[in-house]
Every structure is written in C-alpha cells, then in structure tokens.
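In what follows, structures are represented as structure tokens.
Consider the two complexes below, in which subunit A is the common component and subunit B and subunit C are the respective partners.
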Partner chain A sequence: MSKTIDIQAKTRQLLNSGQVSCVIGYEIGPRGRTRPAFIYQPDDAERMVWNRSCTHNLVPYVSDKLQSIEKNTSTGETETTQQQVAVVVKPCDSRAINVLTAEKQFSRDQVYVIGVACEGIVDGAGFGREDNGNLQARCQRCSEREPVVYDILIGEPQEVEAVDDYSDLDRLTDLTPDARVEFWLSQFDRCIRCYACRQVCPMCNCPTCLYERDDSLWVGMGIRLNEKRTFHLGRAYHLAGRCVGCNECERVCPMKIPISLLNRMLEREVEAAFGHRAGAAAAPSPLVTILDSEDGISWTS
Partner chain B sequence: MSDSHGDDVGNVGGLNSFEPKILGFLCSWCSYTGADLAGTNRLKVPSNLRAIRVPCSGRVAPELIMRAFDQGADGVLVLGCHLGECHYDNGNHRTAKRMPVLHSLLSFVGLEPERLRLDWVSASEGERFSKIVEEFAESIRLLGPCQWRPKALQWEAENRLINQKGEMSMPQVGR
Partner chain C sequence: MDIITRDQLAALLDNLASSRTLIAPCEAEDVLLYRRVPSSAEVAWDFDLPVLSAKGALFPPTERLMTVEKGGDAGEENAVQLNILETIFEDEQVIFGVRPCDARGFKALDALLLETDPMDTYYARRREKTTLIGLACGQMGPSCFCTSLGGAPDDWRDVDLMLTEIEDGYAVKVVTEKGRALLGDLSLRELPGEPTAPVLNDPLPVPGDEAWTSQFKDGFWDNLAERCLSCRICAYVCPVCRCFDVRDELVPATTFCYDQYERIRCWDSCTGVNYRKIAGGHNPRSEKGQRLRNRFNCKFYYYPQQYGVIACTGCGRCIDACPVNIDITEVMEHLVITQEGVSK
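For the complex of A and B:
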C-alpha cells in the first residue's frame, strides 16, 4: 500500500502548492473496479490508489486536460510553460509521454510525470475479472519496470527477466497467405466499428479521424468487411513506430479482435528496419523523418 | 461494384487468359516523364498499367495503396525518383521508409508481397520504365488474380452478413 500512500502524498503536495491544477490517477469506482480519476482538490487526494489493476493508460487524457485548462484560464496571463497537469504512468505509459512530446502534442514542461515502478498488471483488470491473478500477457513479456521518463518515481523498480516473445506472431506467419487472409477476415468480421480502440489510444489524436469522415475517399464508414479491414490495417499502419504496446485497444475491444498482433508485428518490423523503439526516447517515428544518409539504402521489392 | 476480375480490361490474350489490373503511381517529375519518354521512343509498355500521376512518390499514402487493393487491383506499382534526386529534396525518402513497412503489414495479413512494388525511375530512363512494368505485369500474371477483395466479399456472403435484400445484419457478439 505504500505506493498508494506515496501517490496520495504527492498529489496533495502538487495541488496544495498550485503547481498543477489536475492530477490524473486511479481510484476505486463504486463497483469496486479500478478506474481513472481526475483529482482537482487536495482533499480528494485520498481517492487515489495504486494496485495491480491499474491497467488504463492515462496519457490520452493529458492533452484533453491541458486544453480545457487553457480554455478556462484567462487569456491575459501567459504561463504556457508551467506544469499544469500531473499524470500517473506505468513504464509503458511513460513511453507514450515521450512519443507525444516528440510529436509536439504538449511540451514536457507542461506535464508532471508521476512514474510508478510497475510490477505488472493482472489479467481482466478494468472489468472486475481479476480472479485468476495471472499477469497480462503483455506484462509477462515486459522487462521494463522503471518508467523511461518521470519527475518522481514511486516505488523501487525490480529487475525482472522477461523475453520479448513473438511466438504468437510466428505462429501466424507460419501459416500460408490464404490461411492468414481467412484468419484476419474472421477477426475483422466481428468489428462493429465502435472506435473504442481509437478513442482509448494515446497516439490516435487526430481531431478528425481519417476513417470517420462523411466524405471519405479512402474507406467508407460502413461495416462492410473490406471497409473494416482497411480501417484496422490503416490504423495499425498509423501506429507503426509509435505504438508503445500499452494494449489498451485490445483490452477495450468489445469484440475481442487481436489488434495487438498487428501492432506488435509492426513494432518488430520497425525495430528491425530502423532500430527504433517507440517512446524509448523523445524521438518521432522513423516513418515521418528523412533517411540519415543516402548511403547504405538497399531497398528492393 | 463488380467483384470479378479483368472483366473491363481489354482481354488481350483471348478469353481465358488473365490480364492483371495494375495501378501505377508515377512521380510527375521522374517516372511519369520517364513513361513519356518510353512513349516517344516507341517502347512497348504493357497496357495493364493504369498510370496515376502524383506530384511525388511521397504523396502515395499507404491508404491509397490499400484502397487500390480493396477496390480490386491485382498489383500496385509505385515509381519515384532515385534517392537524392527528388524534386522536393526528400519526398522519396519517406516513400523508401514507408513501403517496406506497408509491405510487411500487407503480407502479414495475407496479401502476396509481390503485388506491391516500389522502384525508382528517372526521367531519362524510358527503357528502364518499360522493363519494370513488363517485369511486374508478368509476375502478377503468374500470380493470378488478386483474392484480396473477392475473399472479403465471399466471407461476408458465407457468414450471411448480408441477406437477400442486400441489407446488413449485425455480427454476433463475441463476449
């Protein structure tokens, strides 16, 4: 429980000193599930918790909160470089902070990052289904126990041995192309285009989504299978070199589409081709930058 | 929307032979001019290629390529300026980085990787242009019709997502 106490103390201190106007963290909801919390008053700091069900990635809320704070404060004062929002992050979420600052969604000074030394999140978290107590698959693969970026670290990071295991991907790539088409059609077929995956994603921050336009040129908004496939592949492509693997998209999917397979495949590809790991440093995706030098390019189809 | 293939392509080799539909995105500064040169030099270029002139190969968004396959293209050819010769300095750098990633994504979900090809053709390389298109058309001809779109339509029909009136019904809930 000490992490909970530390987070509460830090929240109280940040709000009391006026350093930030909002702290984004976790609380226990009325139904006993851990859920995101937005704390504005020092007295509310005791609502904050840390447990092994804190699965949500809170980084997508940062831009929203910064914008609403900007709107509500008077325009006369210019305190744009002041830290305005504090956010509790796990190591995976902290990489999202790096990606978004590299993409200039907000500046690093605007956010106070409360990093938590994560010990993994249990399966079924967020839905009140933590019964079996196993770690989520992504946490079993993860060896990052310390956030890559933080202003204060809560807890002691412990060394863990974990192998980035791609066996689930390899099982798919071993199939014939026809079998893979079948597999993915059967997955995308279930999509109801609720866009939950997009809403929850810290990287999906376009004001108007390309795939939700009335005047769509490239893909329709319907639930025809080919449109759904194009939506998912397009979204996966947009996340190439940016996805930090928080796995929120797959967790919130009501139809259990294995979106993370696509994201992890591209993560592996981008790492192999460009040596880039999303969010490991505040650097933009290699897909939006130019080539380093014109030597050594050996692209052939 | 027709889901059969090659029906509106001139059936060059007779009724039973398959003629692929190939979409070519040609950079206006190099490859399109190169294609022009091939024309003025009276070089033979397969008629399977439908050329789309784009300002730069960097303009070719991956969405456009996915759209092409989604609409029934059998192959997509992206031609740009050689690296270092881009009219916009580094537009083709972006293409060079994107295409391999798109390539692996599409082949991961089951599209034959040979159906997408990126190459560089300068304005003076009419011969190279005709050679590339010839090669590409031949390789697609050997692969046969692209099953990307028909498979999706077939899957939909088999899972009875569409009733006889053409209305959609919602798929069954997974959870």
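For the complex of A and C:
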C-alpha cells in the first residue's frame, strides 16, 4: 500500500474512534502545491497525501491546536473526550516533538505521532517549483530515514548512505572574520523582517518575541541593517542545541537568506562541545536553563 | 511605433543614474529586487517579476519622519532647547522596469495617500520626485490575474513612459510630460506597426460587495487560516499593502547618551498577531481567521468602499511567496461560488 493510503486509513481510524479530534497532515491545493491540512472528519481523510513535496514541519501547529482545543473545551463550545491531536512527521520533524516535550510545551501523550519513513524532500517543495526534482540540500546529507518518535510508522525505512560532514560551512569558515561579517551583512541586508522564519519554526514559541516588543526594549522596530542583524544573530543563538534542522526557516524566506548556515554552525559547536544532538532524545539543550517554579534553578547539563 | 535600441536605453539609464537615483530590477544574490543601481550594467534586463513590488521606492520599509535632539543652552535655568528636524525627501528618482501591476499599485496607493485628506506628505513628496518607466510583460505568469481586476500586462496608463520589448529593442510610448522629459532630445527610430499583444490568462471572477458582507461570519475564514503562519510575507511583497507603525526611538550612538531620538515609521501587516492589539492588552483580532478575513476584506471591500479602488492589482506575488499556499485566487473563487449558491 502506498504511504498516502496508509496515512488516510490511520486518519480515518483515529477520528472514527474519537482518539483524536484533529489530524494534521498534508494535502494538495488547487494549484498542485502540497500544503498543511487539518482533518476533523473521517470523510475528509481522503484529502491527505504523502509525496516528496511534504516539506512543511507540522509540529508548530500542534501546540496551537492543543491550546485551541483546551480553550474551546473550557468554554464548553466543543465536547472532546480526548485532547489528543495527531500529526504526520518526518524524522527531522519528529525530533522537534522530542525537544518540545522536553521543554514542557506539551506532553507526549497529548500527541499521536504518525511517523513517515522519509526518502527526502525535493527542492522547491511547497511553492510548486519542484521542476528539477533534486533533493533539498539538507536531505542530500541526511541519513535519518525513521522518525525518532512515533506511535505508528508509515512505510519501510530504506538504508541510505549520506554523510553530514558540515562541508556546506566551508564557504564561511574559509573566510576571514572581516569577510564573514561582510558576507552576513550583505545577506541580512535583504531581510524585510516579515518574521516568516520565526513563525514557521517549532522552537520559536515565545509568547512575546523579544525582537518584536511594543516598547523596543532590546531592539528597535526599524527594518534596517542594525535591527535585522540583531534579530538574526539573536534568533540563531536561541536555537543553539534546539534547532532540529528541518530548515523551514530557510525554505520560507522570501529573500533567500541562508539561515541554515547560522543554525548549522551552532549545531556543530553544540555537538562538538556537549555531544548533544537536538531532539535525538527527549532532553533539553545543554544550553537551556530550566527554572522550576520556586524550588530554585535546575541545571540540565 | 517609436523604437529605442537596448544600447540607447542603457545609455539613457546611465545618463539618468548620473544625475538622480536610478532604481531598477537587479539580482542581489539570486534574488531579483528593485534596488538602486549605480549604472545600467547592474540592471537585470530579462526578468519576470521581482520578489518585492516597487512599492518600497515610494513607501520605504523604514522611513525616518523626523529627529528630535537636544540643542544648545535655552538661556533659562533648567530649560532644554529641542531641535526638531523633519525629513524632507529631496532626490529625483527614476524607477526602470516597473511592471503594469506595480504601477497600478501606486495608483491604488495614491487614492489613500495623495487624494484623501490629509495627504501623506512623505509619500506625496516621493511620488512627485519619481518618474516611472514601465515595461510591458510579454505574457502573464501562472499566478498573474491583473486582467481580472482591470489591468493588463501591457497597460500603460499608470506610468510615465512605457516600453515594450520587441526584436530590435523596445517600443516606446510617451504617456506623460514627465516621461517625455526623460527622453530629452533622444531621436527614436520609427517603425511601422505595433508591438505584439501579450498572451493573456483567462480572467477570474471577482466577488462583489455582497459576497464579502454575507460571508463575513462564514467558517471558511477559520479553516483557511489554520495553516497560516501569521507572518507578513503576503503584505510585504504586495504592491498595495501600506499599513505602517510609527514609533519614537533612541538613535543608536557610539557613546551612551540620550540626546537624539527619531520618529520612524515601518511596514506593518494585519496578518501579524500584535497588529490590532490595543491599550490594556486586548486584541479584537486575536484569531488567525479574523486576521486573514480582514486582509482579504480590506483588499476587496473596505478599501474600495473608502477610497474607490480595489487594493489588489493581481500581481500574484502573495500566491507565490506564501510558504503554506494561502491563495488569494482560491479565496476569490470560494466567495464567488458560495455567493452564487446563496443567490440561487
């Protein structure tokens, strides 16, 4: 059976049994573009698809959905017996679930995880620009074929030989510090502060982003180089040890800012210094300090 | 038709660049943008549609409206003299390669910023100092729908000088005196005939006022918005979205002092979470569905009601830039079909 049929069948079953109230997956829009889909009725399960354009990391929608279910339940607008949401994930996406449960954004039992044995996603996915059929750069170096966390696995993971030697970072590390600054400033110069990178990111879940405060406390509102640099560098630091490399930030950037270079530079550092790989297990980043209510500080490392 | 060769045009642009700001489509690391160029050598001659519209040339992402700084001794004890310096845009600028949809976008902006009292003096000043050299599209792109909204890929009405690419260069149509002045005493070759008409897409049905009001409370908006990221791409690539926020901020200085402040205005978007937040923290548009509903109602209902023109030119940029495929034409189609069902 195809993965699409398996996902549809599972969706139908989960909704019919009432185990979950919503299944978050993928559908194809009228222009032929693959996009996120939210399925509530068993009859709508047939909209679900799996293909090599399923690029979106759907995990950021999980917290939103859980919150809105909670809100509706408490106001009595809907009757839900279970508060579970199901979500379709690729291996990279699945690591985001681990990070977010470790950071207590939701608990593992609130989410039914439909893991898909991934064969890589093509370039231009989501925008209807899949013409050349090449795998995305991040998929070419990825050897993860099985999600690290799931309740059901769709498809058979195939062995692949791919080595991530961080050679994409050579273009940066070969530069002198001055030239590197120049490189980044010319990239950030294009930024329009649309915040798509932040909005699409499973780890960017602060209720108030410190770069978008109404009082300009830490960074001003200007869509200018100074503010843009602060935003991008600050965001990268906040993702250290947390970024799972789904690379949605770079994909959605209308200005093609190579954000992955920043994230991967820090990923490599954290891996080298702490042996930590984001989301490989449900453990927080060693660079994150968790404050336990009034009991003082617990250092996670 | 009058013809200007590519070489003549390049020389003309170089000449213009030497005396004023020349803005043209150019490649900035693989991203096609309207940017200031020092000469015609930087111009991307064969281009489709830059990622951002030309809007930023008249309505910049960030504009300093004025600065306020502490002045010298005011004479009396404890008195502080403040100097307020308003920004006044002085440069003449030419935008080359304006697509008809973007030119139409300026027209739509004019309705609010120039023709509605009070006039936006910052926009007005830039508008007055700007000359538009339009470039017709040879065909409509897959996401284009300008013809559905009264535009056309070769629509010359909203520019000063219209160019249409032909085999031997460009056919020139002088539209305004400003446009004529750019050409100076350049002698153009005359050729018989007219440029080939562009290839058109089938026009889409546009929802009428009734469709927007009657479907205001439709569940469609919440469903549509579920996948919305609440980013601002759609508004920022749009030639007509013109919302902004104004704030007074400290001007960063090398020394730590509080002597100079600026009042800036920056692009803002109704799709952002904070946009509608009011004093006390309440947010009447806290849900994504409410925000998207506002975005589309603004374009096709509120703006036309208030200013007489649709706030969409059919350029299709928001369709191609949206990471989650929220598609304005799908919205239009849904409203039209639902309305037809209701009317029957």
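Here, the second predicted complex is superposed on the first by the 277 of 301 C-alpha atoms of A that agree within 3 Å, B and C clash if a C-alpha of one lies under 4 Å from a C-alpha of the other, contacts with A are read in each partner's own complex, and residues count from 1 in each chain.
Operating definition for what follows: a contact is a pair of C-beta atoms (placed from the backbone, for glycine too) under 8 Å apart; a residue touches a chain by one contact, two chains touch by 3 or more.
It should be emphasised that the depicted structure is a prediction, and the values quoted were computed from it without experimental measurement.
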item: Which of subunit B and subunit C A:192 touches, first, second, both or neither; value: both
item: Which superposed partner A:265 touches (first subunit B, second subunit C, both, neither); value: first
item: Which of subunit B and subunit C A:165 touches, first, second, both or neither; value: neither
item: First (subunit B), second (subunit C), both or neither touched by A:70; value: neither
item: Chain touching more of subunit A, residue-wise (subunit B, subunit C); value: B
item: A:56 touches, of subunit B and subunit C: first, second, both or neither?; value: second
item: Partner chain in contact with A:221 - subunit B first, subunit C second, else both or neither; value: second
item: First, second, both or neither for A:256, with subunit B first and subunit C second; value: both
item: Contacts of A:212 with subunit B and subunit C, given as first, second, both or neither; value: second
item: Subunit B/subunit C common contact set on subunit A; value: 186, 189-190, 192, 222-224, 226, 254-256
item: Subunit C residues within the subunit A interface of the complex; value: 28-31, 33, 51-52, 61-62, 142-143, 223, 226-227, 229-233, 236-237, 245, 247, 249, 252, 264, 266-267, 269, 272, 274, 277, 319-321, 323-325, 327, 330
item: Of all residues in subunit A, those that touch subunit C in their complex; value: 29-31, 33-38, 56, 61, 126-127, 186-187, 189-190, 192-196, 198-200, 212, 214, 216, 220-224, 226, 248, 251-252, 254-256
item: Of subunit B, residues touching subunit A in the complex; value: 61-64, 66-67, 70, 83-84, 90, 93-94, 96-114, 116-119, 147-149, 151-153, 155-156, 159, 161, 168, 170-175
item: List of subunit A residues in touch with subunit B within their complex; value: 172-173, 177-186, 189-190, 192, 210, 217-219, 222-227, 229-230, 233-234, 236-237, 240-241, 254-256, 262, 265-266, 269-270, 273-274, 286-291, 294, 297, 299, 301
